[in-house]
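Starting off with a structure, shown below.
To keep things simple, chains are lettered A, B, C, D, E and F as they appear, and every chain counts its residues starting from 1.
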Amino acid sequence: MKMIMAVIKPFKLDDVREALSDLGVDGMTVTEVKGFGRQKGHAEIYRGAEYTVHFLPKVKLEVAVKADLVESVIEAIAAAAQTGKIGDGKIFTYDMSSVLRVRTGETGDEAL
Amino acid sequence: MSKFKNRLRRAGLSGLALSAFASLSISPAMAGEVSETAYIFNTLSFMIHGFLVMFMAAGFAMLESGLVRSKNVATICLKNVSLYAVAGLMFYVVGYNAMYMGVDGGFMGTFMPWSGDNADALAGNFDGGYTAESDWFFQMVFVATTASIVSGTVAERIKLWPFLVFVAVLAAVIYPITGSWQWGGGWLAEMGFSDFAGSTLVHSVGGWAALSGAIILGARKGKFGADGSVRPIPGSSLPLATLGTFILWLGWFGFNGGSQLALGSAADAIAISTIYINTNIAAVGGVLAAMVLTQLIYKKVDLTMVLNGALAGLVSITAAPDTPTLASAFLIGAVGGVLVVIAVPLLDKLKIDDVVGAVSVHLVAGIWGTLAVPLTNDGATFAGQLTGVAAVGGFVFIASSIVWLVLKFTVGIRVSEEDEMLGSDQAELGLEAYPEFGRGSQTI
Amino acid sequence: MSKFKNRLRRAGLSGLALSAFASLSISPAMAGEVSETAYIFNTLSFMIHGFLVMFMAAGFAMLESGLVRSKNVATICLKNVSLYAVAGLMFYVVGYNAMYMGVDGGFMGTFMPWSGDNADALAGNFDGGYTAESDWFFQMVFVATTASIVSGTVAERIKLWPFLVFVAVLAAVIYPITGSWQWGGGWLAEMGFSDFAGSTLVHSVGGWAALSGAIILGARKGKFGADGSVRPIPGSSLPLATLGTFILWLGWFGFNGGSQLALGSAADAIAISTIYINTNIAAVGGVLAAMVLTQLIYKKVDLTMVLNGALAGLVSITAAPDTPTLASAFLIGAVGGVLVVIAVPLLDKLKIDDVVGAVSVHLVAGIWGTLAVPLTNDGATFAGQLTGVAAVGGFVFIASSIVWLVLKFTVGIRVSEEDEMLGSDQAELGLEAYPEFGRGSQTI
Amino acid sequence: MSKFKNRLRRAGLSGLALSAFASLSISPAMAGEVSETAYIFNTLSFMIHGFLVMFMAAGFAMLESGLVRSKNVATICLKNVSLYAVAGLMFYVVGYNAMYMGVDGGFMGTFMPWSGDNADALAGNFDGGYTAESDWFFQMVFVATTASIVSGTVAERIKLWPFLVFVAVLAAVIYPITGSWQWGGGWLAEMGFSDFAGSTLVHSVGGWAALSGAIILGARKGKFGADGSVRPIPGSSLPLATLGTFILWLGWFGFNGGSQLALGSAADAIAISTIYINTNIAAVGGVLAAMVLTQLIYKKVDLTMVLNGALAGLVSITAAPDTPTLASAFLIGAVGGVLVVIAVPLLDKLKIDDVVGAVSVHLVAGIWGTLAVPLTNDGATFAGQLTGVAAVGGFVFIASSIVWLVLKFTVGIRVSEEDEMLGSDQAELGLEAYPEFGRGSQTI
Amino acid sequence: MKMIMAVIKPFKLDDVREALSDLGVDGMTVTEVKGFGRQKGHAEIYRGAEYTVHFLPKVKLEVAVKADLVESVIEAIAAAAQTGKIGDGKIFTYDMSSVLRVRTGETGDEAL
Amino acid sequence: MKMIMAVIKPFKLDDVREALSDLGVDGMTVTEVKGFGRQKGHAEIYRGAEYTVHFLPKVKLEVAVKADLVESVIEAIAAAAQTGKIGDGKIFTYDMSSVLRVRTGETGDEAL
């Protein structure tokens, strides 16, 4: 069981969701975030003063998946989220020690 | 021709409109037929009703701000401020005289700057009826309304400056030409067309211009699925949309009431107050019809449809707010409300992307309102009304399409796909309407 | 009885109210006592002041949108639009005549549709004083105000359609009956009650209807802890609440100013302008009293209380905006502001959940304002005022309770607990007021 | 001196302003020179235009709510409500008479409460021109505008109560004194200064007071980097800022139109309607100039600059909205728009932190508008205008600075650094303007 | 030391917070999220067009707890958050390698 | 490779970002959160009723870093975020099993 956390461009969310659905992954949690990275933000002028917008809008996905799905899920997200332009985002993976479905009390892979 | 005769309406209305001349001639010492008191009342009516219509610019701005996504809110605000500015300027530079000067039964007036002249009144002859400036003011705010209609439909994807060029042409040429046919005393007026405050001359004109823009511009990315499905794109703030609707409702008392063009006699006072209550109850009809219909069809009341319904009721009554009874006015407005509930999904089916429903509200209900005039006004005929609707529609749709196409193939009218994703606010203005709130949510 | 005598006020006011007849009879050629100029001025006053009151609908919509949680904002917007529509329609269908036609010192008028008649004026006799339509317009917007008061109190848990049924009954039956007692020339008017613009007839009526609704409906889930504690539920947008308050403040110039019912004489002009400044300074008193009091008691100024304070000041002066001096008007408003700061937590203690404070503002300050009339108006007595307050209160509270209870035990008036958690917007309308912003935050 | 002579303007305007006396004397039976009809018209003008100006309070509240960060929005709302209350009260208690009573070419009037007297009119002599109350109302809303200007500049860091003390002094002493010099018939008026509706007397006065406040208070933490760099702090809601601008634009018809002080003659009606269209097109000029300029300089149009540009256009025309042609008025406004685009970054460079741009809009454009009067009005001289600008500026800047400094060294005027981080809403009011939305975002 | 991450229905937040307080856990971090899962979203009609709202509002809690509290905290959250209806949420658990309290510099269990 | 998650006071974000930039860390993801902790919230009065604001605005940073940078990054964040007053926040660290840069497909330390 792993938790996959992906930071992607906001307008790619629907594509990624569909790609995951196709894989049979029908659970995920989404958060609005702001990202800072190589995509350096952009210089703007507001009322005559220049400034840099450091943080760009991104969306963070958290998807818990069974061990055997990890590879394909990462690939699916990467494929769906890619534009090839800077700022496409990152996919991080962690181990998870347990999971529980609140409604039923199921745990482990059953709970995903 | 006296300025006072501008927008003199045919079909049985001339009696009322002229009444200011006949009465309140209370000062025997005065030479003319119109008393100074009537002159002041007439002018005051233009000023009060004019500022109400001016405030409709705020109504459109709020309605549209509420119905676009937040990534395009600052841009729509800017467009609403600047279109009011551009339209007002162009109407001064050429529009007013193109609409009212020397039309004489023809097809257009004289394209030259407006200038007012009150020498008669200052010399004690008030037969002009009202001050030249108050008349100009009232006419000018109408053209701004027409331009506002367009901005809502083509929102979220059009480029700022080409949009403003279109507005300039609309205010300087297109609107004045069709306006001259009727209110300027041109061929439509002679033929017997009747459009009291502009269901056709203002609302449909805006609606046709918007429709041609929406078609030529294409739909927003994501609005229609590859499989032909319709994907709703909810607006960012329904309270702002509601506020906008209320402001427009308020402004409509000015729009229709002021179009009596006079307040100098008891007959005018009766006419304007009749117009007020008919205008109001038509909106009521539009609200209730849209509510009941969405409840019946969709099992839920759709607030945005109800807001559109109110406006559709108002547009419907605008061609003849003075002649119906309260009950008829209610029904005329209610039909407008029904039409909007039908027209909005229909346009979607035709893959025409009208962001705020302006085509359904202003064009569809505008046509209905114009055609409904003979129902309550003996002076109008169905054939005459149809002629007006068709002529104005044909001209505006073709002329607008030409302008849109010229713009499209020269400077371009649509923001790039990437800019559209990002939102016009960041792409075109480099700022955000609500910079502090999360942005990612906009696609969730 | 002439329409002009509607809402003829007793207690020393008739002199002023009638002044339009006596002066400006400037045209010796005219038969009647009222000149055409006075007739136009009177009508214009109704129209201008009427559209200001109409705009109060937007004020209530914004105030209430700002004070409910965002999950109920679209619904409160819809309610404010639709209640204005329903109230206006019902007032036409039966309300106006139930209030004004053939009351003759009795307990109600005639329940039948209104229709205007201006034959006299068109024939050159202006003794009716103003156009029938302008009068209807001005009266109609008042009943809409009454309905708006209710919507705020029962927000966030009442079902849409049963609420609108209540509004229909309120506008068609309850409001017109108590209105007929006084403004329709019924028994209260004969007895010597005095309520210039409706501290009791409009605001308290709305307040009593709201109070009975709040009691029968019960509090919002989570408002009161099991241990009896009070849990504040902050509103979603204080700038919208502030905007709403300013719009209401503006509208009140129409509400009180127009209630002079005439502008045809210098005496009327003096009265209305006196009313304007008294109305304004009463609101000022309410603001300052609420500020100082919340600062003293809570060590912090509470903006929502200050907004309520402004409105309480306005409600307080409404029963007699014409007779006080500026200083008295300030004090009358200030007491209103104090009352609201006391009443809001008191209602909480009584476990009555009034979402926007409408009962404190409109009922409590309305009673105060009515009882305060004798302080500045010799024509009114404390006993007479008390009778009016009690009679109107008793009737409205009982009648409203019956309607609420009938609705409760037939169609039900309250959304399900699950829908209340979810919010009316999603549950009842299937949409969100601010779809792009995070929703989870609503319970943080 | 008759109340009617208040704000009697020199420089060729007296003719128009007095015209109400000369005409409409339609009732031979009446003794005086002004007819009752003219008296009513004049009063009505004050009432209508007065309520439009009153509503500008809502405009300022929305503009400022939109341009501050959300952590300070509730506080700015409270300030806008309470400053209107404080200013209105103080103008009653001492301000009005300090400005208008017994100035007689001198430097101030009489500091005592205002009370109105309409005995003459009630006795049938209408030479007072209008009711005392309508005049007071119109003058009172002007002083509220002045105070609103200050609140925007010093937002986000000033303490609530000291701010209100400043407003009280401004409304009771500072504004009335400079006002008395001109509109009260003091030395400036005698010298030949010309300021029709208050580019200097209202806008610059507010601007100078704001400027001295901004300097003494210091910049918001984080506005200027240690290295001298300027860090923009975007406002929280541009649609609210846009709404505020539209409301102000609407209010300006009242501001300038009502300043004609009469509507009782055709000449007045001509003057007011001229004022309307000049006022409008000056705003148009400001909008277009700011748009074009920001596009040229920054390659992007800055909405906030365009909003400021509209207001700068309006301020610019305020000193002489009656004399220019439409074309001149457009240019006068356009220069105002240019000035604001230049002044905003300039103030930043001077490390003066003006949150909403009020100094650039009201002071800079106010000076420009005042100096531009001789261009269109032969009765004014450049030297005279400069004297007025300098005298008023010097007095207000020094007097304001003294008040700010006294407050600073007694009760303190600035919130603690920690409270500033947290936001005034939480620190001073203990609540949040948008409690449901994420807060952390405010520093992202 | 473990990090417990729970996704729950928003209106259960107060109950969960109280349940945790009762256990002596007085630290947590809350995020607004949108969830996608078996609770399939709902079909809505907007301006006459049907569409599915895929993502539902949820609240995410992150609670770092000492090893010995993990079980009871998970149970407490599950008990307080349960409605028995679909969409009640999930509780995920991870290992944490370190924790530091910024104010004091304390680390490890002391820092919680 | 570790993921460092820090909860800090919102107005410290810019300082922390600059401190990390100085260390050469030029990637992070930021989320608005509400925190509950020893800093007990504050009692407020709204319309005459007292209540406690339990959750305070905080900002959450997620920074993925190479193993050898973990110490210095934690120290830098702690130094920049500290005010010494209660509520300064916490820094949590986890192991990460993999990371992938969407744009290029790079993985591991390369992807950071």
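Rule of thumb we're sticking to: contacts are C-beta pairs under 8 Å (C-beta built on N, C-alpha and C of every residue); 3 or more make two chains touch, one makes a residue touch a chain.
Just so you know, these numbers come straight off a predicted model, no measurement behind them.
Visitor: How many hops, at fewest, get you from chain D to chain F via touching chains?
Guide: Minimal hop count between chain D and chain F: 1.
Visitor: Provide the labels of all chains in contact with chain A and in contact with chain B.
Guide: Touching chain A and chain B alike, sorted by label: D, E.
Visitor: Treat touching chains as neighbours and tell me the shortest step distance from chain A to chain C.
Guide: The fewest steps needed to get from chain A to chain C is 2.
Visitor: Looking only at C-beta pairs that count as contacts, which pair of chains has more of them, C-E or A-E?
Guide: A-E
Visitor: Nearest whole angstrom, what separates the Cα centre of chain B from the Cα centre of chain D?
Guide: Chain centres of chain B and chain D, defined by C-alpha means, are spaced 32 Å apart.
Visitor: Just give me the whole-number Å value for how far the CA centre of chain B lies from that of chain E.
Guide: 52
Visitor: Let me have the rounded angstrom distance from the C-alpha centre of chain A over to the C-alpha centre of chain F, please.
Guide: Those two chain centres are 18 Å apart.
Visitor: Would you give the residues of chain C that are in contact with at least 2 other chains, written as numbers and ranges?
Guide: 26, 37, 44, 48, 234, 237, 243, 298, 300, 302, 304, 430-431, 437-438, 441-442, 444
Visitor: By the touch rule stated above, which residues of chain E touch at least two different other chains?
Guide: Correct list: 30-34, 44-46, 55, 58, 94-95.
Visitor: Could you run through all the chain pairs that touch each other?
Guide: A-B, A-D, A-E, A-F, B-C, B-D, B-E, C-D, C-E, C-F, D-F, E-F
Visitor: State the interface residues of chain A toward chain D in the complex, per the touch definition above.
Guide: 34, 44-49, 51, 55
Visitor: State the interface residues of chain F toward chain E in the complex, per the touch definition above.
Guide: Per the stated touch rule, the residues are 2, 6-8, 31-38, 54-55, 58, 60, 74, 77-78, 81-95.
Visitor: Contact residues on chain A for chain E in the complex?
Guide: 3, 17, 26-32, 64, 94-103, 105, 111
Visitor: Across the complex, what residues on chain A touch chain B?
Guide: Touch list, chain A to chain B: 10-11, 13-14, 30-34, 44-46, 57-59.
Visitor: Can you name the residues of chain D that touch chain B in the complex?
Guide: 23-24, 26, 37, 41, 44, 48, 52, 69-70, 234-239, 241-243, 245-247, 249-250, 253, 257, 263-270, 272-274, 276-277, 280-281, 283-284, 287-288, 291, 295, 298, 300-304, 306-307, 310, 325-327, 330, 437-438, 441-442, 444
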